[in-house]
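Note that the chains take the letters A, B and C in the order they are written out, and that residue 1 is the start of every chain.
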Amino acid sequence: MSLALFAQLELRDRENQPPSCVERNGFCPDWIADNWERYKTPLIEHIELTLISVAIGFVIAFSLALIAHRRRWLIPPITQITGILYTLPSVALFFLLLPLTGRGKTTAIIALVAYSLLIIFRNVITGLDEVPEEARDAGRGMGLTPRQLLWRVELPLALPAIMAGLRIAVTTTVGLTALVFLAGAGGLGEAIFADTQFRSNVVVAGGLCVVLAVVLDLTVLGVQKLITPWTRGVAT
Amino acid sequence: MSSINSAQSEGPSGYRQAVELEFAEATKRYPGTDSAAVDGLSLTVPAGEICVLVGPSGCGKTTAMRMVNRMIDISDGDILVGGKSVKHRNADELRREIGYVIQQIGLFPHRTIADNIATVPRLLGWSKAKINDRVHELLELIGLPSEMATRYPTQLSGGQRQRVGVARALAADPPLMLMDEPFGAIDPINRERLQSEFLRLQAEIRKTIVFVTHDIDEAIRMGDKIAILQVGGKLAQYASPSEILLHPANAFVEDFVGADRALKRLALLRVSDIPRDQLGTANGGPEIAHDTILRDALSDLLQHGELHGRVVDEHGTAIGSLTVETLARLAKA
Amino acid sequence: MSATFAALGEFGDAISFIFTERENQRGSPVGGAENLPLLWEHLKLTAAAMALALVIALPLGLVLGHTGRFSFLAISTSNVGRAVPSVALIALFIAFFPRSPEFLNVTLALALLAIPPILTNAYVGVRQTDRDAVDAARGMGLSGAQIIRQIELPLALPLIFGGIKTSTVNVIATATIAPLVGVVTLGDPLVAASVYGREGQIGASIIVAVLAILAEVGLSAVQRAVTPDGIKLARGPEDRARTRFGLSKRRIQTAP
């Protein structure tokens, strides 16, 4: 049998029995509807890791910024150290932490926190720096102590910049959490790489990452609008 | 091209001939608006004169100026520079022939003072040596030391930057200059100094100048002629400063010029402008130099509680008497 | 040599993996000079992706900035870029173009990842140049191209290199996961522990980390070098220190 004839026969055979959507690795709404459940655990892991990391990162970076706000000489060294942590590729950090914390969620969280520090720190500092001098002066003139000035004047006025930093931290962390499966910490990245050939899988797992990032971003934005009523009606 | 330019610009002795500027029913309408920003503006600025466009904000004075070098395109009518319509000229080439100074100066922060001044000569392809000569000539003209050439704009004071802005506009020796509130951002004391400096410079270079301001005092001081515009871009009056102070064309001009226009008129004249026969015989009172501005002479008399003063010439010789009565008549005249 | 490193525990083994070749459990050579092809692939991938991103993002950012149009596009591309995880992007290319070579797919995905920071920074860099200087330039008869070339580009260069730096570091980091889809970069030892062992995982991580930091430091130096003197003088010492640490340059991202 010649090769051409063989090919023809095979073609006819395929026409008789077309491969299913799943067999073709296609985008199959039916399959997605049936297999929705399998993304639940990765999604919850993803949310957990993101929120825990950003929360820890915020507490550390915010405290550092408050300290450095009064002792300005600390700004360059803190910026430099958090800058190195920011530059270190997270994937590399997962493995550099292996001898210290092994594989798992702890390692993942440390790496994610390390990445978020610079983003939050520099936004808090910039926000505080951009408080109008006259507002500070008026506060001092009315007899506010430095501590009162910080909490009642400077921080509220710096909130938009601080929240902007938080938004960036949240969205980037959602993206980076898609890598923590390399550290054995699960998340949606694990679901994506369970089958990169299968379009349905990639679209659903990847799409969930994007949706999660957008939802969290809008949540932070909503909170920001809620706690900074004086910025409403002003173009941002 | 460069050979023509070298013939045109040979330093203070050989300035390029200034040109006449004519607005001919020049009109600007922005799409989506009913009223014109500049409405049928017609006036002629003779070569070598300063024409000040003045008026309240929204009167279209800046728009009118910016139509000259086509920073804004004309909707209707025409503008003629040296008798030639600007409408059919290549905008970039046209602009290289017209000096341009704005209130914010707009020096290029990444270029040295020399490089800033050399901008247009470079566009015109002048030789390096010629550009270098020109830069130093201009620095001298605006009274900045040569070593400033290698500084950057941020290293200069506001007044120095403004002078550099003027030098940059003069670099290719344009026959016409456009100046939009050039001294607007300078403090009052330095502004007055820059104004007189510029008038001295203009006496030497004799450019045709369109000068935009919202300050009527500056207009009176700087202008050979003043064009007062009112909101809607209509020309209310175009005349010499003393004419505007003496005979305001309408209530708008009268109001814009202000209640103290009598004093402003006195500020335009010096004692030496009064014909000798109108000065009485000297008979005591405070001494008044013959080149005193009349407003200052009046202030002097009032301060001394005298009704007349003794006018003296440059040698200190008494040449007559100036009375408060004469001053009052001149202010009303 | 390995004796010295032994004192460092697992990190010592990892450093020794970087410099000395050895046989793995299956008897194939790994480590030492065997890392070079991986490094080469990593650099090739980074360079290809960055070149593609630059060719697209830089002219687009400059022109959008010059005309001032589509500011929404130029700014929001960064926000969107952050929300799409790099892994998902690579996986999407593999899933939807299964027939095209893996190297091409990963290059395209990484280029897409690298475009937003360059585009946004070029746009913002041009927009924030002193508009009065641009008006004066126009009034003196500089053409549009001359204004971009002589005024806007030099003044925007520090920010542009800030964007290039962000993208390069990001691409170097993300190229690490390329082996998951068949492009054998320095990430291979990370994802294939059975071949390279734990010392391979840690050792390759060290190389990737060093690579990223070198890119950051090197491009920061370039960024300082291209900042016009007249601009450096305008800044106070504190601001200058901040630029050195990438503070004020990256602040741009905070304006949504």
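The criterion applied here is as follows: a residue touches a chain if its C-beta (ideal position, glycine included) is under 8 Å from a C-beta of that chain, and two chains touch if they have at least 3 such contacts.
Molecules present, by chain and UniProt name: A, C = ABC transporter permease; B = ABC-type quaternary amine transporter.
Keep in mind that this is a model prediction, so the values were computed, not measured.
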Next item on the list: May I ask you to sort the chain touch graph into line, ring, star, complete or other?
Entry: line
Margin query: If I average the Cα coordinates per chain and compare with the overall Cα mean, which chain comes out closest?
Written below: C
Item checked: Cα-centroid distance, subunit B relative to subunit C (ABC transporter permease), in whole angstrom -> 54
Notebook entry, point to check: Can you give the whole-Å distance between the Cα centres of subunit A (ABC transporter permease) and subunit B?
Noted result: 60
Item checked: Centre-of-Cα separation between subunit C (ABC transporter permease) and subunit A (ABC transporter permease), whole angstrom -> 18
Margin query: Quick check on the complex: what are the subunit B residues that touch subunit C (ABC transporter permease)?
Written below: 69, 71, 91-97, 100, 102, 104-112, 119-120, 123, 152-155, 165, 168-169, 178
Next item on the list: Provide the residue numbers of subunit A (ABC transporter permease) that touch subunit C (ABC transporter permease) in the complex, in ascending order.
Entry: 25, 72, 75-76, 79-80, 83-84, 87-96, 98-99, 122-123, 125-126, 161, 164-165, 167-168, 171-172, 174-176, 178-179, 182, 188-189, 192-193, 196-199, 201-203, 205-207, 209-210, 213-214, 217, 236
Next item on the list: Please give the residue numbers of subunit C (ABC transporter permease) that touch subunit A (ABC transporter permease) in the complex, ascending.
Entry: 9-11, 79, 82-89, 91-92, 94-96, 98, 169, 172-174, 176-177, 180-181, 187, 190-191, 198, 201-202, 204-206, 208-209, 212-213, 216, 238, 241-242, 245-248, 250-251, 253-256
Note to self: Help me check something: in the complex, which residues belonging to subunit C (ABC transporter permease) touch subunit B?
What the structure shows: 130, 132-143, 146, 151, 154-155, 228-231, 233-234
